[in-house]
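Chain naming follows the written order as A, B, C, D, E and F, and within any one chain the residues start at number 1.
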Amino acid sequence: MEGLQTLWASTALANFEIGQIVMMLVGGLLLFLAIKKGFEPLLLLPIGFGAVLANIPLAGFTEPGGVLYYIYYVGIETGVFPLLIFMGVGAMTDFGALIANPRMLFLGAAAQFGIFATLFGAIALNLVPGFDFSLKDASAIAIIGGADGPTAIFLASKLAPDLLGAIAVAAYSYMALVPIIQPPIMKALTTPEERKIKMEQLRQVSKKEKILFPLAVLFLTILFLPAATPLVGMFCLGNLMKESGVVDRLSNTAQNELINIVTIFLGLAVGSKLSADQFLTIETLGILGLGAVAFSIGTGTGVLMAKLMSKFSDKPINPLLGAAGVSAVPMAARVVNKVGLEANPHNFLLMHAMGPNVAGVLGSAVAAGILLALVG
Amino acid sequence: MEGLQTLWASTALANFEIGQIVMMLVGGLLLFLAIKKGFEPLLLLPIGFGAVLANIPLAGFTEPGGVLYYIYYVGIETGVFPLLIFMGVGAMTDFGALIANPRMLFLGAAAQFGIFATLFGAIALNLVPGFDFSLKDASAIAIIGGADGPTAIFLASKLAPDLLGAIAVAAYSYMALVPIIQPPIMKALTTPEERKIKMEQLRQVSKKEKILFPLAVLFLTILFLPAATPLVGMFCLGNLMKESGVVDRLSNTAQNELINIVTIFLGLAVGSKLSADQFLTIETLGILGLGAVAFSIGTGTGVLMAKLMSKFSDKPINPLLGAAGVSAVPMAARVVNKVGLEANPHNFLLMHAMGPNVAGVLGSAVAAGILLALVG
Amino acid sequence: MEGLQTLWASTALANFEIGQIVMMLVGGLLLFLAIKKGFEPLLLLPIGFGAVLANIPLAGFTEPGGVLYYIYYVGIETGVFPLLIFMGVGAMTDFGALIANPRMLFLGAAAQFGIFATLFGAIALNLVPGFDFSLKDASAIAIIGGADGPTAIFLASKLAPDLLGAIAVAAYSYMALVPIIQPPIMKALTTPEERKIKMEQLRQVSKKEKILFPLAVLFLTILFLPAATPLVGMFCLGNLMKESGVVDRLSNTAQNELINIVTIFLGLAVGSKLSADQFLTIETLGILGLGAVAFSIGTGTGVLMAKLMSKFSDKPINPLLGAAGVSAVPMAARVVNKVGLEANPHNFLLMHAMGPNVAGVLGSAVAAGILLALVG
Amino acid sequence: MMSVSELLYEAAILMVVGMVVVFIFLTLLIFATKLLSKFAGQEEAPVNNPVQPSNLNAPAPVIAAISAAIHQYKQNNK
Amino acid sequence: MMSVSELLYEAAILMVVGMVVVFIFLTLLIFATKLLSKFAGQEEAPVNNPVQPSNLNAPAPVIAAISAAIHQYKQNNK
Amino acid sequence: MMSVSELLYEAAILMVVGMVVVFIFLTLLIFATKLLSKFAGQEEAPVNNPVQPSNLNAPAPVIAAISAAIHQYKQNNK
């Protein structure tokens, strides 16, 4: 009898805790969303797989000696992986549309209200029994509203590592849901006439402007928000490598092989934080709910800001553009284009939406810097 | 006179130990085999070069501060490098032939007898004076019979780091020697008539089957062999990235740049373990002999299993396919094809041999998991 | 009043030290040279950017927890990054011209006098008040004359880490200035008649020679200069991977993705050493001056050596070739070609100059080994 | 420290147990693969349920489901 | 340990300060970008200083504004 | 701590020793390369030992020369 028990003990079956099984199902759900639904598969596939591996009993993936432990320790705890991703994203970003129409930065600013309102909302949730978010927790959760994965992971790793798994999953899931979350809000806050507004064509931007822009962004960040310089700095480095045109082989590597390698590792490491005791909590429900709220508010304030700007502008501004201010590049810009085309089949807003779209990336990196400076 | 001795001391010539010279010659032999003979050059070239570097007196490559020290410490001691290679191999593997004819898994199972028989043989060698293999040593040696480099390195780094150099060299050398070792055994155990048996064409396998297969493999491994999940899990991750079709840029990076970078480092780090005191021992002779035995037995039991299956099957099975069960992908499958063509110039067995071939990869990863669970 | 001071304190403006501002301007200057002037942009762009990031007050890039801290610690302090760059450079190098005309190695030897004369010069500078170079410092500075970035960084990280920033900047800056520094010296030391000398065509070199050459170089280095084997060994590994033709995928990765990734990190890490207290010293001025001297002397002795060889040779040697002996591959060879064409529009020296050019790489690696053995 | 005969005995046991487990495991995998092919083998087959929670049109039930899972977990964890 | 009402108050202040600073910062960036375009917008323009310090003409009011925002926050945070 | 004149003396010795060793080493490499070409220069040449130890026929004088150079340095360094 004893022998049989020994055998039994060497399989996982005997050692499964219910929480591990649930987390594996969560990992399986993420894989399903990534593969079958095409939701941000580059991140959700490795995250989901990492979640499955991390919850295998006896396998020790997340303990010292396990591969996920080392990857997390080297890449996330140091903050290096999200920063490298941000560098690669910078090398993929074209600021042309924003430089041609810099007022679009107001839309990128307005959409960040999603972040700060959610911060307030997260603290307000403490009134509900079972929730106990600190200001650091609330800040890390709120950044989901920035619709920017690496920014969310970077901030969470600094302010609330325990919540990192849930925050990253929420951030990437909602980014994938942008085409579902945003259109109703956009339509509710605009009239069909407003949605039909055509924007005038953007001017050509010179190479020199594109080279100097990341340097100007970095310069202002250095002066006024040093806490944001890790994120903004690496982003600007990537963008400068691209726009300078003198280090194409570095720029290409940063936006291809390097970002791919880091993405695999980052996803696995984030997945390794999806353990039952950290994820299967009432807080996770709160985080998922708050994330949806954050996206919605950001979309709304972006649209309202565009309407306000349109009033004070000599040239009309299509208020749909405001929705692109949450970033989620380039998904939100595509959504703007699609909703615009529904109202007017000849109105192509994609290029115009790229302005507030990349402004939203800067906006949420700035917001992250503010939170690091004031709460971190 | 004293001055002359000082001078002499600052060159390597005075500091060479005979063992280092021999190990350099071993390194040179590996380079010769890799470059001139084309034996597994992707691994044997860096391993041979690493062996040369590691044995230079006064250079300190393998001491703290030396580059090979860091590479070994970071990549092999943690187990990360073999697992990344395995992920890349997974991203290169097509399970289609196996899914179309899953009974081929029996051949992959039978060929693992090479491993377990060799384990017994290694312990039996202790009867010869000079040998003193523990069960851990014997297990690490036996896995050479799995004909799978990263599996052998991973297991040796966990069970017998001192023998890692000899085990890795034996594993890759014999994998290169597959076209020489296998055919005589295959021919001895089969009749010309059997070798002429034609297999019927394999059915088309759906994309969905290919996506679900790695998940099914992982699922079973989680339930019954958690100790095998590091190897099997990373392999299945690579395969899922490939088959899902939604993360092609990650899959391509995993099977190209990432695996190339890791291969260079892995080879150098393995080479750095080829030091005289660890390699120039009677044990190494034993390991080399046992490795050859392991390959031969695995080939033989694979062929015999195929003959047995053919008896109980309504459709005849060409027994040569059993030899592919040792893995050594895709070399063993090519050998099967070649020997088959010799018997019947119109009998193309390559596609059919890929089934047992990839089954052998799973089989030896499973065997490694068993050894880790019972001996580790 | 107190409140206002608190606010002020949270921006960088209040925390800037004058040294940091100056170093940022230095970083900006490097970016300008890289982007606008095209000076070694692959290195000077990330170095310049790293210098800017490293000097941001309150941002902590170079303190534990900061991304540049980790990159420096992992890649430069261990010596791994310069060695990987050297491996990649080896994989890009074609020794054909040198094997066809091995006497060109004399030119690569003569040009190293720039290194050793500068070592003496650096010590002589101690006679000027304010300078206090040790032999280690002087050796690290002198290697600038080797016109080889990774060699300079490797040696500086071992002998004089405090001077690493200034030395690396000087090395890459002067490599970029080769087309300006060398021609006047070349013309001053040669007559128009000498510059018109045509070289006879080089013979074809066999594949086998190319494979054996890196092994022969490594062999001699092992015997007589073990201290040079880290540099020479990794270089020869890269070259062997390329010439053997059996590991093309490793060779391609080493000279593309891997070297690109490491270059980004190496540049940033070098830039992180450009801090005010280490860079804004009278020593830096000395280093910059000595570097220019080193290049000039190396160019001169190379040319003079070529003239000397021409006297003792049955076939005349164009003395311009000597200037290529400082390495700075392939810039110096191009300069030789250009100056040669000015004297004789039909005299193409490029291929002939590649011989002394790659000889110069070996020469300075050998010189670095000598300095490590005698001073390190 | 085990004697050689003890080691040999252990190795023999390992050999038998190892081969048995390898065969059981890969046999299981054969069944799993056949099952897989039965459900997913036809390219034309309607989308079967690998892990099919059609949650896009109704977030409320999703949260309800996750809630139920967490509830279950908390219950069992007390 | 702060009470929920204290936390709420802090969060409200953070919300206001955060949005104010985001807007000030991005407004500054608008000015900087316009200045940039003025000097570097024409492909034919002569080579300007590559690190165009576009905001140096009005640092005082800017700092005052950001300072005021942060001040407000810190005040309320004591 | 050495005086500047001592340092200068050392540096001078280093300069001489360094250049001598560089020249000896690269001269050896010239011989090695020539030997290499002799044995492996023809594409049709028979397969030679890939690690052609080209200098083994005269290691003694070489070592003597390098030794002398380094000796000189160490002597002067005491």
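Just so we're on the same page, a residue touches a chain if its C-beta (ideal position, glycine included) is under 8 Å from a C-beta of that chain, and two chains touch if they have at least 3 such contacts.
Predicted model, so just to flag it, every value in this text is computed and none were measured.
Looking at which of A-E and A-B shares more C-beta pairs in contact, the answer is the pair A-E. The chain with its C-alpha centre at the largest distance from the centre of chain B is E.
Taking the mean Cα position of each chain as its centre, F sits at the greatest distance from chain A. Where the sister copies chain B and chain C meet, the same residue numbers recur on both sides for under half of the interface positions. Separating the CA-averaged centres of chain A and chain D is a span of 32 Å.
One finds 59 Å separating the Cα centroids of chain A and chain F. Each chain gets a centre from the mean of its Cα atoms; for chain D and chain E, those two points are 54 Å apart. With centres defined as mean CA coordinates, chain F is found 22 Å away from chain C. In chain E, the residues that touch at least two other chains are 50-51, 59, 63, 66, 70. Shared contact sites, meaning residues of chain C that touch two or more other chains, fall at 10-11, 13, 31, 35, 211, 215, 223-225, 257.
Contact residues on chain E toward chain A in their complex (touch as defined above): 4, 7-8, 10-12, 14-15, 17-19, 21-23, 25-30, 32-34, 36-37, 40-43, 45, 48, 50-55, 59, 62-63, 66, 70, 73. Remark: chain C residues 78-80, 83, 211, 215, 218, 222-227, 229-230, 233-234, 237, 240-241, 244, 246-247, 249-250, 252-254, 257-258, 373 touch chain B in the complex.
By the touch rule above, chain C contacts chain F in their complex via residues 98-99, 102-103, 105-106, 108-109, 112-113, 115-117, 119-120, 122-124, 126-127, 135, 138-139, 205-209, 211-213, 215-217, 219-220, 223-225, 359, 362-363, 366-367, 370-371, 374-375.
Those residues of chain C whose C-beta lies close enough to touch chain A in the complex are 10-13, 15, 24, 31, 34-35, 38, 41-42, 45-46, 49, 52-53, 56-59, 61, 65-67, 70-71, 256-257, 260-261, 263-264, 268.
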